[in-house]
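Input: one structure, supplied below.
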Amino acid sequence: MEKIKQNPIVKKIGFNRIILICVLILMYVAFCVGIKGFAAAGTKHLLNTMNYVYFLGFLSLGVTFVIATGGIDFSIGPVMFCCALVGGYCLNSYKMPLVADIIIAIVIGLVFGIFNGYMVAYQKVPAFIISMASMNIAKGAAAVFTKTQSQSWPLSTDPVNGWFRNIISVNGFPVGLVIFAIAAVICGIILYNTKMGRYILCLGSNREAVRLSGVNTKKWEMSAYVMCGLLTGIAAIFFVAAYTTVQPGYGDQYNNEAIAGCVMGGTSMVGGLASILGTVIGVFIISLLQEGILALGLGKDIQLIVTGIIVIVAVYADVTARRRKN
Amino acid sequence: MKRRVVATLMSAAMVAALLAGCGSSSASSSTSAASSSSSAASTSSSAAASTSSSSTEAVASTSTASETASSSSSAAQSSDDATKQFDGLKAKEAYNFPMLVKSFQSTYWDAAQQGMKKAVDELGVTYDCQGPNSESDIADQVNMLNSAISSKPVGIGLAACDTTSVLDALKTCASEGIPVVAFDTGVADAPDGSIVCTVATDNAQAGSVAADNMYDAIKDEIKNADGQVRIGEVNQDATALNIQQRGLGFINEMIKLIKADGKTVSVEGNEFYVNNAEGADTGDTDVVIEVAVPAQTTVELCSTEAQTILSKEDTIAIFGSNQTAAEGVLAADANLSVLGSDVSNGDVIGVGFDAGSTIKAAVQSGQLYGAVTQSPLMMGYYAIYALTAAANGQELQDVPTAGYWYNADNIDDPEIAPNLYD
Amino acid sequence: MGEVILTMKGIDKSFPGVHALDHVDLEVRAGEVHALMGENGAGKSTLMKVLTGIYKKDSGTITYFGKEVEFHNTREAQDAGVVIVHQELNMVGDLTVAQNIFIGREPKKGIRIDDKKMIEDSKKLFERLKIDINPREKMKNLTVGKQQMCEIAKAISHDCKLIIFDEPSAALTEKEIDDLFKIIRDLRAQNMGIIYISHRMDEIKVITDRVTVMRDGGYVGTLITKDSTKEDIINMMVGRVIYEDPKTHSMCPPDAPVVLKVEHLNAGHMVQDVSFELHKGEILGFSGLMGAGRTETARAIFGADPKQSGKISIMGKDGQLHEVTINNPQDAVKAGIGYLSEDRRRFGVVVQKSIIENSTLACLDDFANGPFINKAKEKKETERLIKELATKTPSADQLVMNLSGGNQQKVVIAKWLIRNSDILIFDEPTRGIDVGAKNEIYKLMNKLASEGKSIIMISSEMTEILRMSDRIVVMCEGKKTGEIRIEEATQENIMDKATRNIN
Amino acid sequence: MTKKKSLLNDQRFIALIIAILLMVIYFVFSKEFRKYSSILSMLDFSYYDMLMGFGVTFPLITAGVDLSIGTGMVCYALVGGTLVRNNNIPVAVAMLICILMGVAIGLLNGILIGVMGLAPFIATLSTCMITRGIGSMCNATPWPTLQQPGGWFHSIFKLTFGSGRGAFKFPIGFFLMLVLMCVMEFVLNHTKFGRYTIAIGSNREATALSGINVKFYHVMVYVVCGFFTGLAAIAYAAVTPTVQPGTGAGLEMDAIGGVFVGGVSATGGYGSIIGTFIGVMIICLLKTGLPYIGLQANWQQIITGVVLIVAVLIDIIKKRRAAAV
């Protein structure tokens, strides 16, 4: 066991990550064996899984940055809906070109990110409270703006804007997966190879030490929230590309799943430790779980319970590992 | 206990309907007039058809406009035709159908499931009922639909939370040859060949029925009012197609009726309904229709909205456009106690939609003037029948189900009672 | 000295990877003050934690009043009369003094806590200890010294027979230490057993009767204090002789230019009108008692805490002094100041990160192409400094939390060297560092000074001040009370200035 | 310090002024709000928020949080209601089951946080999902109405004399809340449990070293929170004609927001039940009152969010100013 852990490749990826990948594969195998027709459907179930992966993946990637600073953002789900709603309203009611709407949606995400980041980093409002507040504001603002109308984004049959769907798949080829992979790699580079990532991880671990090294911790802490906001905006685009319609007043449930995916992947809730690869695997596990449970004919309720339990187990494993180290 | 009684009554009615249907199975698939848009104002369901149609205080009987009357008769015809198509239906195999409901948030969907159970027992098929946690979890339902498609079922029953977001999945169904039966909510722009049959109520019509009946009760008050009077409407949202249609159906019919009596009317409140109302006046009008939509589709928030309307002095009537909204109206009245059926006494006329034990009790006691019920039981029941027929390879025509007006007088009628779930 | 009340014999305790206690013996008698000494990490605190039931021993026996006992938690120990006054203050800041003293054993009236009785009893306790504290005050509003007194009052308020003081004097002023000693003598007279853990040799000589010395988790021996010399004890502690020569003359040339000039600095209560100059290549010692405002001065200069007024000038590239505005640490670092905090784990290093990441934290810009970090370059540079500073680590990728205190300090020094800071503020540079590593740090500081870096060294250890400084600034209660050249400095005249404002 | 100044420093006092201001605004601008029935309804819908608020104050004082209260409350009400409807158990037993389930989930939270050392956010986030899942396994559930057998439990919160239009209704629940507020304020300030709750929030380590069984009290904090959530479930069932599965997420935010508005320190160690009472009242006034002055439902969310930020900012600025002196 120790030998495996010391293997350089294993060390590079991280032992926990490898266990997670094994869990993911085992889950898939179990579904194939246990569910009639799961394997026979070929890639179909996997493609369904992808729909979920796309938006949840971006949300999780975003919140990974925030959690890495030791913060939290509970507003990502409603903010994602807010982005999609406002963008959709611009498309449907003001007849703005689709590209402009996409940009608007992403900008809204950014604005929330900037607001959250500013309040947390510069005004020292606890992240938990500010995200509670912006969650309410996002829901309310979206509903006011759209006049409580749900907003649908273009379908593939749309003569003008049908290309919109190409961002997730073209003739069955999962373009979205490629985009998501690229985004994950970029996030990984940002987190591990740039100043921003270095500062975010360090200040999540020991803010005061970083500040006393002459680093503008406020700026970099805020940047994590801005990053999260940006990715939330992108998540909104992928959400509507997969599910077409968003309704005002909702989105809470996706907070939980995004944070769950992030934490499951080994990002520590106390900050300082974050794994993009782990987050990606975590997102895949949650998405596969949801597809598998649906294919079993069970409902969302079971999925919630199972996800909740998995999160507890994952976090407890993290806590005990840390305790053993100290 | 109550449930069992209802179930027994149900099955009795059902058997009767089937027998009657068998007796006159000559008329096969015929007129194309049975388009889903105008067919829902039927005077009776299949169950009612077998016994009598005169005693039901059904939808069309109170409608005043002549064209509605004529279309309703043809609709009644088509409804009969539609159910006849299932005569003698037998499942070729022990099919299993995934049935996707909108949620389990109100007992409405329990009732739909009862109907499904009834049908599968008769046909020897099975079904799996799935639904998101809440009617607004659109994405979850799309996932369920996709997942269901992946397991290549012989047919899918769908009550779409959102009619746009399911279109892509429906396209897949069409290309893979999986027949889909839409129940409760029709999907207007469904791709060709995906939806083989729609089992639904015409919501706009159902909404107008509520308006017609309500207007009967408040006609005099509006005529004799010295100031402005107010009619309230609580819709649980402004997004779901059926709620939109129902809400607008009510508003438009009400506007038409009021204007026919020479009064002016305006609509205020939620912008969607205000903007889409037809023929409303602006400015200071004799009647104001106030539309409220809560921030989320919960009873308590509906109740807060209803409360505000009910506590206004000039409110004379209020309409809750589905089970959640109607229960919200009742919850609001818990403290106000202004609802009642005696207009002269200053009671506010409350009209509900759907059933459920709370609403039924309120109708019975006269707290609600009446309510419109659809027949979720029938929808569930016929959805399974349609699916079986489609799986057998049969060509189908749409099955319009009825919206019934019920009040304290006819609540126990054998035609009405089976459609009122708890 | 009375009967033996506590005997610990052959106590053994292992943590994963560490043999923390290796068959340690300890004996305490009634009416004695028994010192427990040893370097940091020698196992003193662990031993006390075993005694009070925080840790479970692996083997060995504890005999207390003739009976073999094993406490499972501090509560059981307290009930048996064994209480501990912790090194870190264990006070609940949001509760009042009285509530803190009686926490865990509140007098009750029915289900209601009898606060009145608690306050009365606290008053009585304080009278007995002759200290003046309002029992209704919230704990967080008291000074550190007063909090310490409360802690002692709390310990005494138990019906105790054995009190353990774990470095009680670390945060106290001279006067408060005197008060403390009075209390300890008082307790000794009441025939209690007292275990006194301290690093301060002078205190040991003054207050204790016997000394037990530990080294590396093992038992070294027990001495009678008055029969042994300081050197005896130190030799037992370290197993080798420490070089402890004071500096006799300044190493800094008298014509060295001024690199930092601070004028009339004011920051809160703890820094009042402080002015001084720092020369190139000089080690400027900052001496004073705990709470004299030295750390606060350093933090104010560095911009870590806000300041009200004052002028700071720093030598620019042109060799002239220029006034600089320092509102936050960024400004200070930009101006070429580096600050090495007294509390490394909190303010110095990011323990969960590697040596590389810590070393380049202050000047990541130099290792970045645009936003991207040049990892090869930073590794090379870090490895160079690891070699230069002789940091003991298997690799530059090692996490800082796996390093010893001395090596952690070297990582912090490396951080500022890589940043190329010309002015370094060392705040208690050897706190928590064992004797061997101490010398290395001293050597390093001298080397840096000789290379032209200017150093401000804050230290509470007189020997350190006398050994390292070229010049000494003495502070007392937030004010600068003197400036002494090393040639004239003696322990006595420093202490005289350090206590000038007191009384 | 003068007495006046210290009053203004007390966030509870500020909150009280805001609450009164809100009431005045509503009274002036809405004649509907002046009605007795409007007050009654506002109170009706405040009870469950209030009970959740009382409960969650304790975890918040320990610098923790319980995010599972919203979904938990709905879950217990659903399970209780389903048992009444389908298994014909007496309402009293169902109420007991609600409370027991609350205590059980509270215990689970407590063990996860206090014993196993999980971060409160993530632990209760998980139980939030779990309770939401369990709740969704039930169907939509009406509890008995006042007129039906078993409807007596409505009288816990509102006494009804007579029936129909002439019925007089008395909001006994409000006085019940006042009594509970006094009881819990006493518990917080004058019992061991309350004292140790504050101590844990202020400095858990020190509290443990004082020989207190911190784990036990930390678990108890969540158990008490769960107990109150169970009570809230009953209050919720009493005002909601049908308890709907899939709802409840977000309700905890009303309660937690109220507690913060009431002046609980975001970093733990300080809190007051009286503050919670006033804070939750403000949130309820915003929730139920805004439609009366003509603001559409969605504005209430925005305004609630803004009020929360302002409340916390006041706290932070106050502390900053205190630190600067």
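Letters A, B, C and D mark the chains as written, and numbering starts fresh at 1 in each.
Definition applied: a residue touches a chain if its C-beta (ideal position, glycine included) is under 8 Å from a C-beta of that chain, and two chains touch if they have at least 3 such contacts.
What you see is a predicted model, and the numbers here were worked out from it, not measured in a lab.
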**Fill in**
Common contacts of chain C and chain D, by label, are A
**Request:** Return the chain pair with more inter-chain C-beta contacts, choosing between A-C and A-B.
**Result:** A-B
**Request:** Please flag the chain sitting at the greatest distance from chain B, going by CA centroids.
**Result:** C
**Request:** Give, as an integer number of Å, the spacing between the C-alpha centres of chain C and chain A.
**Result:** 44
**Message:** Could you work out how far the Cα centre of chain A sits from that of chain B, in whole Å?
**Reply:** 38
**Item:** Distance from the mean Cα position of chain D to that of chain A, given in whole angstrom
**Value:** 30
**Request:** For chain B and chain C, let me know how many angstrom lie between their CA-based centres, rounded off.
**Result:** 77
**Message:** Quick check on chain A: which residues sit in contact with 2+ other chains?
**Reply:** 139-140, 143, 148, 248-249, 253, 299-301, 304
**Complete:** Check: chain B positions touching at least 2 other chains come out as 132-134, 137, 270, 293, 295-296
**Asked** Considering chain C alone, which of its residues make contact with at least two other chains?
**Response** none
**Chain pairs in mutual contact under the definition given at the outset** = A-B, A-C, A-D, B-D, C-D
**Request:** Under the touch definition given earlier, write down the residues of chain A that touch chain B in their complex.
**Result:** 36-38, 40-41, 44-45, 48, 51-52, 139-140, 143, 147-150, 152, 155-157, 165, 239, 242-250, 253, 290-291, 294-295, 297, 299-301, 304
**Message:** Per the contact definition, I'd like the list of chain D residues that touch chain C in the complex.
**Reply:** 186, 190-192, 195-196, 198-199, 201-203, 205-213, 269-270, 324
**Message:** Show me the residue ranges of chain C that touch chain D in the complex, using the header's touch definition.
**Reply:** 54, 73-75, 77-78, 86, 89-95, 99, 103-106, 108, 111-113, 115, 306
**Fill in**
Interface with chain D, chain A side, in the complex: residues 72, 119, 123-126, 128-130, 132-137, 139-141, 143-144, 148, 248-249, 252-253, 256, 259-260, 263, 269-270, 299-305, 307-309, 311-312, 315-316, 319, 323
**Prompt:** Can you list the chain D residues touching chain A in their complex?
**Reply:** 65, 112, 116-119, 121-123, 125-130, 132-137, 249-250, 253, 256-257, 260, 266-267, 296-306, 308-309, 312-313, 316
